Amino acid sequence: MITVPAVRFGVVVFPGSNCDADARHALSTFGDADVRLLWHKDTSVGDVQAIVLPGGFSYGDYLRCGAIARFSPIMQAVTEFAEAGGLVLGICNGFQILTEAGLLPGALLRNTGLKFVCRYVNLKVENAATPFTGACREGDLLRIVVKHNEGNYTVDPATYTKMQANRQIVLRYVDARGERAAGANPNGALDDIAGVCNEHGNVFGMMPHPENSVEAELAGGADGGKIFRSMIDALRPAVPA
Amino acid sequence: MSARATVEAAVKLGLTAEEYAHIREIQGGEPTYVELAIYSLMWSEHCSYKHSRPILGRFPTSGPRVLQGPGENAGIIDVGDGWAVAMKVESHNHPSAVEPFQGAATGVGGIVRDIFTMGARPIISLDSLRFGELDEPRQRFLFDGVVGGIGFYGNCLGVPTVGGEVYFEPSYAGNCLVNAMSAGLLRADKIVRAKAAGIGNKVVLIGSKTGRDGIGGASVLASQEFDETLEEKRPSVQVGDPFTEKKLIEACLEMLGGDLVVSMQDLGAAGLTSSSSEMASKGHVGLDIHADRVPLREADMEPWEIMISESQERMLAIVSPARLSDVREVCARWDLDCTEIGEVTDSKMLRIFWHGERVGNIPARRLADEAPVIRTPSFKPDYISDKPVAINTYERPDDLGAVLVELLAAPNIASKRWAYEQYDYIVQANTVQIPGSDAAVLRIKDTSRGIAFTIDCNGRHCYLDPYRGAKAAVAEAARNLSCAGALPVAVTDCLNFGNPEKGDMYWTFEQAVEGMAEACEALDTPVVSGNVSFYNESFGKPIYPTPVVGMLGVYDDVSIHTDQRFKDDGDVILLLGPDSAALDGSEYQKTMFGQVEGRVPDVDLALEKAVQRVVRDGIARRLVKSAHDCADGGLAVGLAECCISSGATGGAAFADPDRVGPSRARFRGADVEIKTTLRDDVALFGEGPSRIVLSVAPTHLPAFRQLAGELPLAVLGRVTGAVLRCTIEENVLIDLPVGELSEAYESLPDRLD
Amino acid sequence: MSTVHVRVYVTPKRGILDPQGVTIERALPALGFDGVSGVRVGKFIELDVAVDGGSPEVVRAEVDEMCRKLLANPIIEDFTFEVDA
Amino acid sequence: MSTVHVRVYVTPKRGILDPQGVTIERALPALGFDGVSGVRVGKFIELDVAVDGGSPEVVRAEVDEMCRKLLANPIIEDFTFEVDA
């Protein structure tokens, strides 16, 4: 029997992260993933194969979400890891940190409703050819919870044009039929954008929380598991037939 | 320290002349000002429970699962497999009335500290809120601010807020109620108690710097004419810093888990004073506190201010000298201030020092545990009636369908989605049942077990009859848990009342405690923690007596739970419980007739217990597919809620009506026929205890009937279509699409713009 | 109809905890900025008010009321404002 | 060691949606304030910087860098600042 080694994930813990344990727990439900926590004061990411920047309120979201966290020592290492092609997933606050750090284009503004919003959204997979969505088909719907105050994605028009051409819009908020619709977008994000990747496709940020959506018996359902499945599959050496 | 601690000064601090004499006697002469300030806080109603202590003794507080009853920061219940749950509810009414956002936020912060102080990781919060009517802009402002503050704090902490309740009644207009409940999970053999021990051990203050926040929040220091700098010394509103609290949770649990500290206590009301004197008193030791070592936010603070400041996000730890450097290391890692401010002594005295000079010296036990007790002579208020209102006093409305729509849209019944969608109810990956059903359900990771929570009180019923109303609150809380399939096991309570110095008010308090105590005894749910909030009055008018009941339920196997949603066409709808419902005290009486009067029904505790057992057994044997407590709005509203919440997509996991897309088509309707001896409108909208609407697959009906035995059980009809139709004696009284009902039920936001 | 430009400065009241300020100040040295103290974070609000022939005093009074009622929370915040000439 | 007081004004960039400004502007008429337009909500940050014998230019350069790197996000915000004499 040939055993394929588990994929090594690092989950970064910033002061104020509060979905770090959830991300670790979610990954631990996959038999072929190993997880370790990376401390924000660390200067190296070690030998991990993928990094998750978790949700939460790093530094209380004070000043701007992600603004202080992005200066953490670990972020220098994460940047180098990303530039070398490593997979980096930013969830919610992690997404905000990635935009603040310049690893993803755009920025996340206050929700148009000016309120924190926790609810289920339907997400359409717009691009299934990324390492984060490979386990999905294009047009698939994922039902996952969002919970944030600042998820209103914005980017300048010139960059947006390039992003579209480059298929960097990976997830959009849609209705239960998979259609773009008023009311489907919980935060006012530009063109219903819920998740984007960088030009090379190895850095991905999304506002909804896949780590709260890996176990069917819980309220969060299991649709989010596809994001982690995709990452694991992308990193596992092909199993010999 | 210019001021003298005279009897005049004492009275200004809220003490009575007798109390002052008592203090002189304990101190052997005139106290110092620091001592007087400390006594005034510790002997305030809020800290000493002087009006409530003798009455609270009535509660049952022990049982096979109780690991810690009242008297610590939180009560603790054994939930199996070596796991335990710490739980507590607390009021933050007055701060929220002043500044709703920060008041509510710091209320959450305080209750969460009570939980992790015990060594438990906070895993859930619930909120019980009461305001005046929403047509007043001030009440909308309060509601908006309070919900925003609860979300702001809890969301940042990463503690899910998974349940609560909100009521709007004129009696709360001048005095809103904001009760925050929290619970945490810990190993049963790792309970930490707030007891100082080990002569020579160090007293360490961890967390935020100390400012003038809420000085005298628990007494009347604010109105003290101290000197000409009064303006600058005015107490500040407490501002919450959830980021610091999140770091405190992690650092404290790390220190407690690693046995780095001997014990721990949070700084709540009366700040350093109460935490240090309680720790000393519990441990039968003394504490020396060097007030000048406390890190300050404002440099010019005086020792008495430092001792009673209520600055948030601070913890006091007792640490052995050998562990001090480890404790410092953990705090440094979490960027938290950590300051050694004193030491444990064998003197049994709380001694306060200021740059080496002793400025206070008080016997800890007498200060913390021997505050005077007051029992107000009580009498029954005139308004209480022992006769139900004659039914023909109220004319039956013609269109009962329209009544149902109006009741569903009434703020007390309408969906509170607007509020709970501002709360992260899913963080920590334990949430099995989100808000919107009878109880919040969580799993316990790495076990098959689960726990359920609810928080309940019908203040209107308690107003009409505090004994019956309080009893009903316990029964309803237990019923909510049973409807979710959980076994109710323990209570935490928050008793919100008016001025206890008034005899009629005191009577309502005594009655409520008696009612709660009887129900808790009968239902085997001991009271393990709680809080009393008196003086909830404005312009001499008290709130409704509001004894809020927070309850914990347990599952051996959490996969055996259910919710209120009708699931499948053809399922049989049943009403378990008596055909008795009252108009008095109902939402129907208030909304349609503008009255709150009469006599509310009494709970038959034996029947209640039996009904709940049958529902739980039915769920455990997988006979019951949905169960819902018939409470506010009566049977018709209960049925409508089962239909409305069926509009979910996906499996049980998604108990969340999708407001986008075509999923409304999936609403389940119901066709029911009610056999009753009551007038038809009362049968539909009257309220009474011990009644549960449930659904079973037709093939399971005989088995369920057998389970119910002699208990009243009525077959009402079937789950079918997308319309709710209710018939009584061949008159179709309600015949409305569930979509329309849902619209009314979801209309709360329309009232908030 | 002509308008005047107004700048409103909202600051945390003296003595009131400013968690944002405290957190930023704590973080700055690690980001390479030393010697910074007394950080306080408030709001800066700009708006245009129609004058409609009203005197400057009228506009100032209106802005003052607006600050009290909506733009600042007088329980925990102070404010000042400037009205362009 | 002496310090200088610095006031930083961070404003939403032109063309960037300012949900808070929009909401305030919409709320004003209901409160009886008409004729208010162009509401933009930004931040007002005050701090003290140690001068350490550095020239005013040095301090200005340092504050400028702090704003660029941390206090404002250039994608969505502009900033200006004043250094007390």
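Each chain carries a letter (A, B, C and D) given by its place in the written order, and its residues are counted from 1.
Criterion: a contact is a pair of C-beta atoms (placed from the backbone, for glycine too) under 8 Å apart; a residue touches a chain by one contact, two chains touch by 3 or more.
Predicted model, so just to flag it, every value in this text is computed and none were measured.
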Quiz item: Based on the averaged CA atom positions, which chain is farthest from chain B?
Solution: D
Exercise. Could you put a whole-Å number on the gap between the CA centroids of chain A and chain D?
Key: 30
Quiz item: Roughly how many whole angstrom separate the Cα centroids of chain B and chain D?
Solution: 41
Quiz item: Using the average of all C-alpha atoms in each chain as its centre, how far is it in Å between chain B and chain C?
Solution: 37
Quiz item: Centre to centre, by mean C-alpha position, how many angstrom separate chain C and chain D?
Solution: 10
Quiz item: Of all the residues in chain B, which ones touch at least 2 other chains?
Solution: 241, 243-244, 335
Exercise. Spell out, as numbers or ranges, the residues of chain A touching 2 or more other chains.
Key: 59-60, 62-63, 68, 71
Self-check item: Where chain D touches two or more other chains, by residue
Solution: 69-70
Self-check item: Complete list of chain pairs which touch one another
Solution: A-B, A-C, A-D, B-C, C-D
Quiz item: Which positions of chain B touch chain A when the two form their complex?
Solution: 148, 151-152, 155-158, 241-244, 246-247, 333-335, 420-434, 443, 445, 559, 649-651, 653-656, 658-663
Practice problem: Spell out the residues on chain D that touch chain C in their complex, using ranges where they run on. | Solution: 1, 3, 5, 9-11, 21, 24-25, 27-28, 31, 33-50, 52, 62, 66, 69-70
Exercise. Sort out for me which residues of chain A touch chain B in the complex.
Key: 15-16, 18-19, 21-22, 25-26, 41, 55-57, 59-62, 115-120, 122, 143, 145, 147, 149, 175-177, 179, 181, 183-184, 209, 211-212, 215-221
Quiz item: Inside the complex, what are the residues of chain D that reach chain A?
Solution: 16-17, 19-20, 22-23, 69-71, 73, 75-76
Quiz item: Can you list the residues on chain A that touch chain C in the complex?
Solution: 59-60, 62-63, 68, 71-73
